[in-house]
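Common to both upcoming complexes is chain A, partnered first by chain B, then by chain C.
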Partner chain A sequence: MIENGFNRRDFLKVLGWGGTAVALSGCGNTSIEDGKETVVSYVEPTDFMIPSIGVYYNSTCAQCDAGCNIEGRVREGRVLKLEGNPASSINRGKLCGLGQAGVQAHYNPDRLREPLLRNGDKGEAITWEKALTLINEKLNGLKGQEIAFLTGGVSGHVKVLLNNYLDALGSKNHYAYEPVSPSVVRAANKKAYGVEMPRLHLDKAKVIVSFGADFLGAWISPVHFSQQYAQFRKGSRPEGRGILVQIESKMTLTGANADRWIPIRPGTEGILAMGIINALGAGVPADVAAAAKDYTSDRVSDHTGVPAAQIIKLAEVLKANSPSLVLAGSAAEGYVHGSQNAAAIALLNQVLGNVGRTVDASINLQDTRLMPATGNRAALQVLNDNMAQGQFKVLFSFGTNPVYTAPAALKFQENLKKVSFKVAFSHYMDETALQADLVLPLDSALEDWGTSVPEYLVDPYLSIQQPLMENLNPDTHGVGDILLSLLKQRLAEAYKPYDDFYSFLRSAMVLNKAALGGTGTDDDTFWNDTLGNARVKLPATVANLSPRATASTLNLPSPAREIGAYPLRLIPSVSASMRDGRHANLSWLQESPDPLTTVVWDSWVEIHPKTAAKLGIVEGDIVEVTSPNGSVKSQAYLFPGIHPDAVSMPLGYGHEAMGRYAKDTGANVFKILDPAFDKETGELAINETNVRINKIGKRVVIVKEEGPNGGSQLGRKKIAVKVASNKVDLSKEV
Partner chain B sequence: MSVSNLLENWSKFRHTHPVEDKGHPDWEAYPSDIKWAMAIDLDACTGCNACSVACYAENNLPVVGKEKYSHGQAMHWMRIERYWDEDNREFPDQGAQFLPMLCQQCEAAPCETVCPVGATNHTEDGLNSQIYNRCIGSRYCSANCPYKVRYFNWYDYPTTENVWPAPMEQQLNPDLTVRGKGVMEKCTFCKQRTYTARNNAKTEGRKIHDGDVQTACQQACPTNAISFGNLFDPESRVAKQWEQQKVELIKEEQEKDVKPGNELRGYRIFEELRPYPSVMYLERVRESDV
Partner chain C sequence: MHRFLRLSFMLVGMFIATGCYATDTTLPITTADDLGPQIDQPIEFPHNRHAGLHNPADDADPSKPATGGMEINCMYCHTYARRSMVAGIPPLRKCIGCHQSILSVRETPRIKKLFEYWDAKKPVPWKKVHDLPDFVRFNHERHIQRFVFQQGKPVQEACGYCHGDIKTMTVARRQKPISMGWCAECHQKDHLVDATSTKTSHGPNDCFTCHK
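Showing the complex of A and B:
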């Protein structure tokens, strides 16, 4: 037994707690939260609770928007570990590091424990009753347009309640904002294929050419795509081992796994796509061929920096291996002309005949109310502008941290001050919660009820999130419960039948059981089955795919060569564990090395060794990265996988608040980004910031996993070994 | 256990498979019908670190923080090493190489022979085990490990600030201990899981089936790069892979090394040192013609 930290008395307390807690989910049992700390003898065991045996309960991962189905191991009333649910069509029993760290989000020592009301610079603890009454008072007499709700991506029944609440207030101001979202690709897909999120079949492609789509790292549904990728790489499948080509200015995890990684001048991805179309030669529809006429390999090579021979080779490989799959990711879309890049890449897919084969129709749910409200940056812009004009009196925020993620140029924090009453639903005292007037502490994802529908739908399933243990803190509430309480203030009669969000959810599901495959079962059986599986099939249709990418509207600007005050292009990177920084306070993720640089517990500046030599920078030099909007300081890391005209820094670090692990760890790159936007969608053009780099005369030893020899194997033959594909027989491998 | 008892029964406490007095083991006489082994496909591995996080969650590994990490005191039983090609090209245009590195559970483990107190030991199911309460912290084993996969508790992590601040200690897996200051620890092939699976099989009066047990890293791996099982069970996936790649446990040179043009890609790291590791790697494949 551990000394000090976990003594015998604590151990007994946990057991006692477990004895009651395992009944789960507020079924009215006595618990220590009622103030009665009862040790229940195992003579009267709770269902499914066997001392020392772990029991698995299914639920849904809330760490990112991919919505993987998980199972949590529960022992003696505590959730210990999260695994993937093998029955899931999304993640099939697997779970990424970010997902597994969900258990740390639950047990996080820096979680908020009680509602806090601003009193000068301090937060004063108040009761929930008082908090809710206060909200009601502030809302009274306000017009709908004076109230706004800012959220991250939200779906399922919480979204339904949220919309109902806004309706009850007469407000139409729901702003969904995700700092790192595939909204440009969404719009480009809609234009090119008729659907926003076509289902992709990486496993059926013979060749994948990805323009900066980090599908193994942080793109849309990485665990799902990783599984498809594993199939794609199998030499024993009929198509043989697939070939992956990754084209991007800064190597992502996917790029590190490519057969060929092609560094490209930032922003010229669309030009290269047109160059490949041009090089395909015969077989390209006449109008497309005409549009691609000027994109000769020499000209394209001059613009993109990709050798002409490589462009011709790529076209040959794509021609010889059908079906293929061409992807456009954040590296290609993060420009003022991002939509044009994505459109050119979609056109290449269509020319290659992949639409309908590796790019498949998406699924439409019959009940669109459950579909996710997908966020983008344009929504934040509208909110910001309206705040600046003083339109809003009350602002709710949930599931997003704009004070941290909004570029400084937006002056978001300043505009936020013009809202007289700001309510933050939050897990941590993060940067946005710090600016709020009232902070409502939320249950963790392992304590709360909810349903979710991921944006990228593999199958039409509603995923159920259910509590895996009782609340750690008696004074946190679920977001559904809070919304329900607020709704009752407005529409008391309509919501009277529902004691809590659980009963609302149960009623909503049970009422619909015929549509949910529960015909002929009684309510309790249906509900128990649903919770047991934690996923239920929804009525849905397959959308129509209408390939209609066209070359006629394409407008790809030639690259501007930057010289002058800001000679380098800043490519902010989205890592699989840090993402937009919302999980920066999870210590496993801070200590999990970045796969490519192996740096831990800090941010870094990736510089190509050639550029570094020119600037006289060596590894560990603290450099100041300055854009027209500000500057950040961080340690230089010499990285071969980046275009010499670019530097890269990871997003998600440099929090000023949030908790002990996140605070003051690294630098926040969001702050120095230019307010440049994609012309068609208004999405932040994340790669459009130019910077200059100065040494500040300080040097540190970078803390990283990599040893003093860097990535060298010191000439040893048998450590990490690579073999050419024609030297092995993969066809019969088990 | 007294020292005299230890000395008198040295051979009992110190199994030294496979180097019995004959030099090579007599597999017929292997103490059990289980030999745990692993195969890691480097072509499938993407270097995503999910295995490493899974190991932290399963095995109560402490998060040591930036300063201790810089001293080389990270406790990651499963770590991903990243290498670059060394051919002086301007860009790594064939990507990086990722190598999941964990205890190789050697049959003739260099760490076992140097332990002064018999704390590093060989189990009857072929694992290289660490007996925490026998360990005196000499760290000879770590010095002698060619893979550097043994981790020493320089601090008493449960009482160290911000390692498991309350209520984080509630996440700890009660199936295994939290190690105290001054002992060596290492990957156990998820001993607590194999142990449970063996007991379950025994209760049901049957042998272990392939799939009865998954290690935490294997279970998490999004690309199924890791397979784990009983090498003595010809039906297990791992045995089939070893067989197919013609890698034999008690050999320091395999068919792949001696026969040119063999089209095999299974290998073991530092085989030439003759530790007879239980982890086989499958070479990363790269299409050269793009």
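Showing the complex of A and C:
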């Protein structure tokens, strides 16, 4: 024993106590990291800039062509959040998920950071001076017809500069291409109403019958239509709560919201429209009635698969509730006879007396140069044919990704190789940029200047896009700035006054301030006010509606029964977040569940449970979808909201490049589409592909939001009572 | 056993004593134990010169010549403290605003360096002295509004609750533990609602107040 001291046991106990005390006092201090991070103050702040307090700037959304007005919250010089601009007549303070994800398009880790020049298989970083000089060298000595510019939909001052540049080069080859565009409806509207894009008043209609127009999801201007739809559904409005009937082969978000969703045999929408005209009976003009007389409800029912009683009921509802509105969407257009479908549907609208009431004239801007160059697929076809003949030596591409979206049958990628010098203006290293010889990195929409006029014009306003923050990467340039630099190579004198695209834009607006409502204000005030609102009213007139839909040219083919090697119809779906795949690299969009299937981070094959049972497929089976043009593999998802003769896959997935989130996520449906085209417009008939489905013997657990019972949860709990669709009284069904 | 009991009593007693001391008495503005590390800043900013007392002696005679600081209000430079979550490092323009007219120190090394930053239009890369973890949300505005504007406490006292007696320092150095327990301890105390009232209230005790 040790005298006058602690024995071993006491020593350990005290050590224990002491250890506890040290641990307690140390608790909570461990994560303070003084002196490691730098805190950066402003050098010269503006008075309203207070750290940690957001400042809102107005701008314009560039995520799709609807051109919604947005306001961005900026804090400490960084944009954090986007919302709709309440003053906007397009979106009235609201913004969709696609628009919200604009922040991710800006901060995306896979954005291009410097100009890249092809060196074998690799891209070599070069300076902007070198890149622009190289373009100039390649263009020297070329004839105008050897140069082409491929873009998505463009409008506003960028379009003006683009056209000026092509003029300076003596070229007329501007191809505006959009893989999923309403160009069939445009043509049908032009024929039926005299305008391409009439303004619709969903909020004034008592009944809306929509043939596959997904106006709540991805159709033309979804945020605008959603707002009208909210009004349409209000019981307190004078017309009462409206009734929505959606007729389509594959349920869309709009279909899921409808009072009655009617599955229809793919491609027979026009026949059903004629059947409804026939069922309307008295009051239909004689010539139309004569044309519709063969479309008896029994025959139409046989063709379309819609019960005869329901066709009669629909006609009754439409007759009793005027004004109504009949819409033709992409599901009705995407056929070889898509224009005929759209024409028949427009005819129904006219017979019902909706033209001038719920279908209104569009707006014509006085300055047509600012109007959008609307994209369509036919433009790509012409470009592709010309490339195949080796016509082009230099091709510029901007805002579109045809190597990904063109059907494999077009052999676009091979034809692209025949162009000796390809310049891609791009945000990401996407499939088209990968094929280019020179890639120019673009500013994001939140860093760049621009103006836009949406195709669906609610009010005659020019929307202004302005930078919400400084460039993240010093070596990206705005598309306007690049065009201006290129123009200066050709017309140095004329563009000398403009240092950059900003000064071009400012002088273009300030010079016209009298026409833009700025009379009596000085230039700076006018310009600051314009930027503050980020929208300015343009002089415009309202076009004349000339309803002249006629039944005489209608030619609606009876549906061919598909038997043989490819028994099912493939209906590629345009989802609200993925669209044509241009934003596939935004992880928010990949992880936000599809509204109907709740699937995330992958594509899927929607199959009707009955069809699946016949083929022995259960949810999660990996199936191979084979068309005459190729095949893709994806997971099967059983879904009652689809016609039994059809299967559906979402577009926009399955990128081979474009960034870490897009690459190899899902399967690319564009590749297996048939090269079938609408006979009148040349638009790709997107729903004309027949496929067969095989199990490959692998099964996965589908990653989705809904519970294990999936869509059958409702039925199990007996919440909704099932009523046969022809027994439902639509007028009372609210 | 005897020894062990004695030892335990002593330890428990010490805990209770320090606990009572901590809750019942006002904490001294600086406790040497809680000092943060000494941090090298790009410019050794003299807080004592700017915020220090004009004449530091207790029996200062106003007629005597000034010996010390300028007695500038903390919020003259840290102007965002009363309006925002963060106190904010003063913008460079604020420094220059005064110093362009103070010719007596214009050629001193620190001020020369300051003007070099200004001429290059570059912010001074100050190091954070009080760096809370990212999961903690501290709001300066709430505290300054409560203590300075409602209770009428002197600014240096209110700031000093957390930052210590800055007016005696050159480069600021952390004086308090700034741990959760330390924050909560003050939130449990009774604080007067405003300068004239006798009502008291506690600081919020919700997790979500700071962790969101």
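One rule holds for everything that comes next: the second predicted complex is superposed on the first by the 666 of 734 C-alpha atoms of A that agree within 3 Å, B and C clash if a C-alpha of one lies under 4 Å from a C-alpha of the other, contacts with A are read in each partner's own complex, and residues count from 1 in each chain.
In this text, contacts are C-beta pairs under 8 Å (C-beta built on N, C-alpha and C of every residue); 3 or more make two chains touch, one makes a residue touch a chain.
Just so we're clear, the structure is a prediction, and the values are computed from it rather than from any experiment.
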Report for A:S52: first if it touches chain B alone, second if chain C alone, otherwise both or neither.
-> both
Which partner does A:K695 contact after superposing on A: first (chain B), second (chain C), both, neither?
-> neither
Check whether A:P222 is in contact with chain B, with chain C, with both or with neither, and answer first, second, both or neither.
-> first
Partner chain in contact with A:L472 - chain B first, chain C second, else both or neither = first
After lining up the shared chain so the two structures overlap, which partner does A:I262 touch, if you call chain B first and chain C second: first, second, both or neither?
-> first
Where chain A meets both chain C and chain B, residue numbers = 6, 14, 52
Inside the complex, what are the residues of chain A that reach chain C?
-> 6, 10, 13-14, 17, 21, 27-29, 31-45, 50-53
The chain B residues in contact with chain A across the complex are 42-44, 46-50, 52-54, 56-58, 63-66, 69-70, 74, 76, 79-86, 90-99, 156, 158-159, 162, 164-175, 178, 180, 216, 219-225, 237, 240-241, 244, 263-265, 267-272, 281, 283-290
Once bound in the complex, which stretches of chain A touch chain B?
-> 2-6, 14, 52, 54, 75-76, 78-84, 91, 93-97, 100-101, 103-104, 106-109, 216-217, 222-223, 226-227, 229-230, 233, 235, 241, 243, 245-246, 251, 253-263, 313-314, 317, 472, 576-577, 587-593, 595-596, 598, 600-602, 610, 640-641, 660-661, 701, 703, 705-706, 710-713, 715, 718-730, 732-734
Interface residues, chain C side, partner chain A - complex | 3-4, 7-8, 11, 15, 36-37, 39-40, 80, 83-86, 88-93, 118, 121-133, 174, 177-182
